[in-house]
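Please go over the structures that come below.
Next come two complexes, and both contain chain A; in the first it sits with chain B, in the second with chain C.
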Partner chain A sequence: METMCYYIHALTALHAGTGQGVGVVDLPIAREKSTGLPIVPGSGIKGVLREELNPSNAGADDLQPCEDSDGNTKEKEQCWEALFGPTAQDAEKGGFAGALNIQDAQLLCLPVRSVYGVFAWVTCPFILERYRRDSKQIVGTSPDWGMPCLEDGEKAWVTDDSKIDEKEKVFLEDLDFDVLKNNGNVNTLADKIAAAIFPNDDTWQRFFKERFMIIPDNVFSFLAETATEVRARIKLKEGTRTVEKGALWYEENLPAETLLWGMIGCDRSRSENHTGTAKDLMKHFQEQIGAEKGLQIGGNATVGRGRVRWVPGQLGA
Partner chain B sequence: MTELKMRRDVFNTLEPSDWKNPSLFFDKGFKEWKEKDGDRGTDIGEHIRAVCDFPVPDIYIAAYRRWLGETVDKARFAPWYGELKGTRLFIGLGMAHVLEAQVCRHPVYGMPYIPGSALKGLARAKAREYAQKQKDREQVKQFNKVIDILFGTSTDVEETDAGYLIFHDAWWIPKQEGGCEDKPYVPEVVTVHAAEYYANQGREGTPHPDMESPNPNQQLAVQGSFYFVVEGAQQWAELGRKFLTIALEEEGIGCKVAAGYGYFEEEEGRRKEREAREQEERKRLADIEAEKEAQRVADEKAEQEKIAAEKEAALLASLTPEKRLIHELKVLLDQYGSLTHKLGAEATKIQGELQGQIKRMLNHDKWSEADVTDREEALKSIEHAVSLSKLSKKAKKKRLNTARALLKTKDGE
Partner chain C sequence: MQTRQQKDALQALGDVQSILGKGEEFQKSYATAVHRFPFLIRQNGLQQTLAFYAGKAHAKKKENEQDGRSTAEGQFLDQILKTLSLYRADLKYVDVLGKLAKADLQSYMLHTRRCLEVAIWYRRFVESVLKIDATGTSTEQTTDRGENHDGA
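Let's look at the complex of A and B:
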């Protein structure tokens, strides 16, 4: 099994929903059962990647599929099928599982409004520990950064270049934190994440490091519940410009600038038409993906939701 | 308590700068009410004015630039730059807010935006209006079908489809990036004049509306310009963009459009730029069409020539050798006859071929077996060809004599 990681950087509000809710929010986002932290389900990401890499509509988001001029379309198609599995119709003739297994994207940093610095990219030790565990899986050895320790209470680590603190305090939404600074681990971590998510972009790497912030798990859990974006939607009656009866609903989104990460495993091909090893297929997949991709993930696409940068993780970084 | 006091102090002394969040300040930074109840309006007004002093955060400018980069592909995105000229925008006014002065603000950057859902609804309504205006009923039906494809089917039918076009949130344009204002928020007062009268729907016994004292409300409005973008395959996106922007110009968006708020105009320079681009695009499409047409005509001609050549070949194959020779000579004579100038390279070339053909005919040794009519015809053609040639009189005569000797009819002349 070959492993890589990927990052999602939301450019607009992202609605990976569950379709129904019982609370105030009619359409909540998907969350992990055990922790309550927001996720983007792997199935949704797989579907999007499958369509994106489909050789028979390669490059064409058009209404008509475009014709491929080079001769190796068939080979490409078989490789694609080996990666993602056959379509439902083809599966009836002889099904097999795709070689890729794309895991849920997990929340890495949540943007939360801050009086200073406009917003902060907030995370917590629990998330970072999981992130490190996943990194270990790729590198095979322990990553070269340690975890900054954090006592409970309203304390927060920021980087040395931080722009979100003032008078040794950070003010988020309704929460104030005492600032802890000068920790090599925090700086290294911020550097690593910045380099992974904004490769070759010094400006945004700097923005990230200035806004990176680690807060206690319990406080983060509260923010993850309450600091997501809730949008009210209405439907107007045609002709009258008044709201149609019962047509007011609330949708929850992950706000723009949310950062997530996830893992992708790749097995050997299980297709009769393709005999790639795990290594071959992973290489093909990475070549097809390229450096980074602009994708649309999640619901409500036609009103602009879910535009993301999908960034393949540098192995070992 | 000290914690709370600290936060109070922060907000009370917050100076506007490009790395602070004006939106969070608006929501949480309101100072305490003054003693006298009547000062409430003044207090809110002061707070709103303080919010309006905030410049655009630098990270928003960076994010805006990145968004422009994301949507730069003209084959996929139809952009439009709208200015609020002499008017302001109220959008999201009805949403809950502690100061009852809500406006649609981005939850992270703190800058105003216009939700894609509002834009989509507006564009759809405009498209529907356009559809209803069609004279022919069949056309209306066709048009509605297109609307369903582009915007999605309405929810009251059983099987719904998602729309094809994507209406993105509109981004507020900072001045550095070509916007018309350097700050997005602006204080506004909405004064209610006869609240009670209208609340009672003018029932008898309600005091005359002029008797009520006006009730000014301090509000936060938006000024400046916005970047709109519709996504989809080029021509469809362009169509969606057209409906959207006509509606933005004619109908306005947000609250209080009836009072003149929320109307957009395209900035002059951008309009010219867009029109130039559209003209170029039309020209490009026209060129492609013309090229296609030229190709079609050429193909057709080639096809006809091919058919003619095949016919000719079939005809030649069916003829006796003598008839074939005569036919070939006649074709050459026709070609020569159709020349407008009997001088020049082409004339010389056909002349050469004519002489060659005459030679071939004179070398043919089976004329004695041919029909009389064929022989007569051959002779006539040769006589004609020789008369057209530029040979000397003597050479002409020699050739004619050879021909006559060879092609003389059985009965003799």
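Let's look at the complex of A and C:
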């Protein structure tokens, strides 16, 4: 199986929900059962990418056909079906699974309000270890960056270029941290992640490095649970413009500027009409998707949620 | 052995049932306090939210009464504070809040999580026992919160 990674950079609040909840908020976001950390389910991302590359859509003229393993050029629709699987209608005639395996996007950095630098891109050793594990799977060897040591407590790492600290302190939400600096591993990590999420954009790479921060796992887990955005929504009665009875509900969102990463696997084609290998199909997918894309992911698009930068990338590059 | 959820549900059920005998206005104020509580914690943090409720209770207190424990906000605050290990019935709110302010980060995070967990059960029982929803109206003729709103 061929693998690649992708990043999601939320440009607005992002609601990848699970429907009605019975917890603190009525419409919570999806979270990983084992860790409680927010995710964007792969199914939602697959649907969006499938539509983005649908040759039947307007504006799809740039999409190219591909060749199968025998060197035969295939119609755009056949390549698209080999990647994503047939449409529901075509599946009735003879279904098969698409070659792509789009996995959940996992939280990489959570933006948290900061007294200095407006906000910090916060992560923790547990998440970085997972990120490194995925890097190892893709690249085959352990990445060339080390993990900074951080014990549980009230200390946090920032980069040497940090703009979020003042007098050796960082003030996040209502949490104050003592700053640790001058660590080559922290600077290298910030460089690598910045280059992967903001390729060819020096300004945003600099913004990221100035705001990158590693805090203890326990505190991060607490922030990932309590520092997501909760918005109250109401429904107005037509005519009177007063709140309809019972129509007050709370929605949870990942805040704008959240960064996530995920993996995509690609297998050989399972279509009778296409004999592409995993390598051919992944190459075709990467060519079609091109560089970064502006997409809408998750629910509540009509009220401005879910505008993201979707960036195909390299882990541990 | 019982799960934390079982214990929380049992506590919340008894506390909400104890409000049934109070007047309609009291029940409505109590229900509003309950419904807003977890949202306020998520927006403002635990310390701020508890101080806000203590302030509300104090503002509405009867003459010669300490802290306003008999008000709807005071009753709920008392009930929710019971879940925190630093609570003692003979302490004034300001003393409990002072102890919370001195707690270390790990304890503060735990207190926040516990209050959020328990608050969910109070919300559920305010809806099913008092039958009052988040807008302060009867649940008997209203739609479910948020249903059919989770789409584009």
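Everything that follows uses one rule, which is that the second predicted complex is superposed on the first by the 298 of 317 C-alpha atoms of A that agree within 3 Å, B and C clash if a C-alpha of one lies under 4 Å from a C-alpha of the other, contacts with A are read in each partner's own complex, and residues count from 1 in each chain.
Operating definition for what follows: a contact is a pair of C-beta atoms (placed from the backbone, for glycine too) under 8 Å apart; a residue touches a chain by one contact, two chains touch by 3 or more.
A quick note: this is a predicted structure, and the numbers were derived from the prediction, not measured.
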- Task: In the three-chain superposition, say which chain, chain B or chain C, touches more residues of chain A.
- Result: B
- Name the contact category of A:C149: first (chain B only), second (chain C only), both, or neither. neither
- Query: Just chain B (first), just chain C (second), both, or neither: which does A:V115 touch?
  - Reply: first
- Task: Kindly classify A:M1 by the partners it touches after superposition: chain B alone (first), chain C alone (second), both, or neither?
- Result: neither
- Does chain B (first) or chain C (second) touch A:R233, or do both, or does neither? both
- Which partner does A:E173 contact after superposing on A: first (chain B), second (chain C), both, neither? both
- Query: Is A:P255 touching the first partner chain B, the second partner chain C, both, or neither of them?
  - Reply: first
- Message: For A:A97, using the defined touch cut-off, is the partner it touches chain B, chain C, both, or neither? Pick first, second, both or neither.
- Response: neither
- Query: In the superposed arrangement, does A:T302 touch chain B (first), chain C (second), both or neither?
  - Reply: both
- Could you list which residues of chain A make contact with chain B in one structure and with chain C in the other? 173-174, 232-233, 235, 300-302
- Report the residues of chain A in contact with chain C in the complex, numbered from low to high. 17, 19-20, 22-27, 152, 154, 173-175, 218-219, 222, 225-226, 230, 232-233, 235, 243, 245-251, 299-302
- In the complex, chain A touches chain B at residues 11-13, 61-63, 111, 113-119, 163, 166-167, 169, 171, 173-174, 176, 203-204, 207, 229, 231-233, 235-236, 238, 255-257, 294, 296, 300-305, 307
- Sites on chain B touched by chain A in the complex: 3, 6-7, 10-11, 14, 19-21, 23-25, 28, 57, 59-60, 62-63, 66-67, 70, 76, 95, 106-110, 115-117, 119-121, 125, 128, 151-152, 155, 162-169, 233, 236
- Report the residues of chain C in contact with chain A in the complex, numbered from low to high. 38-39, 41-43, 45, 47, 105-106, 109, 112-113, 116, 119-120, 124, 133-135, 137, 139, 141-147, 149-152
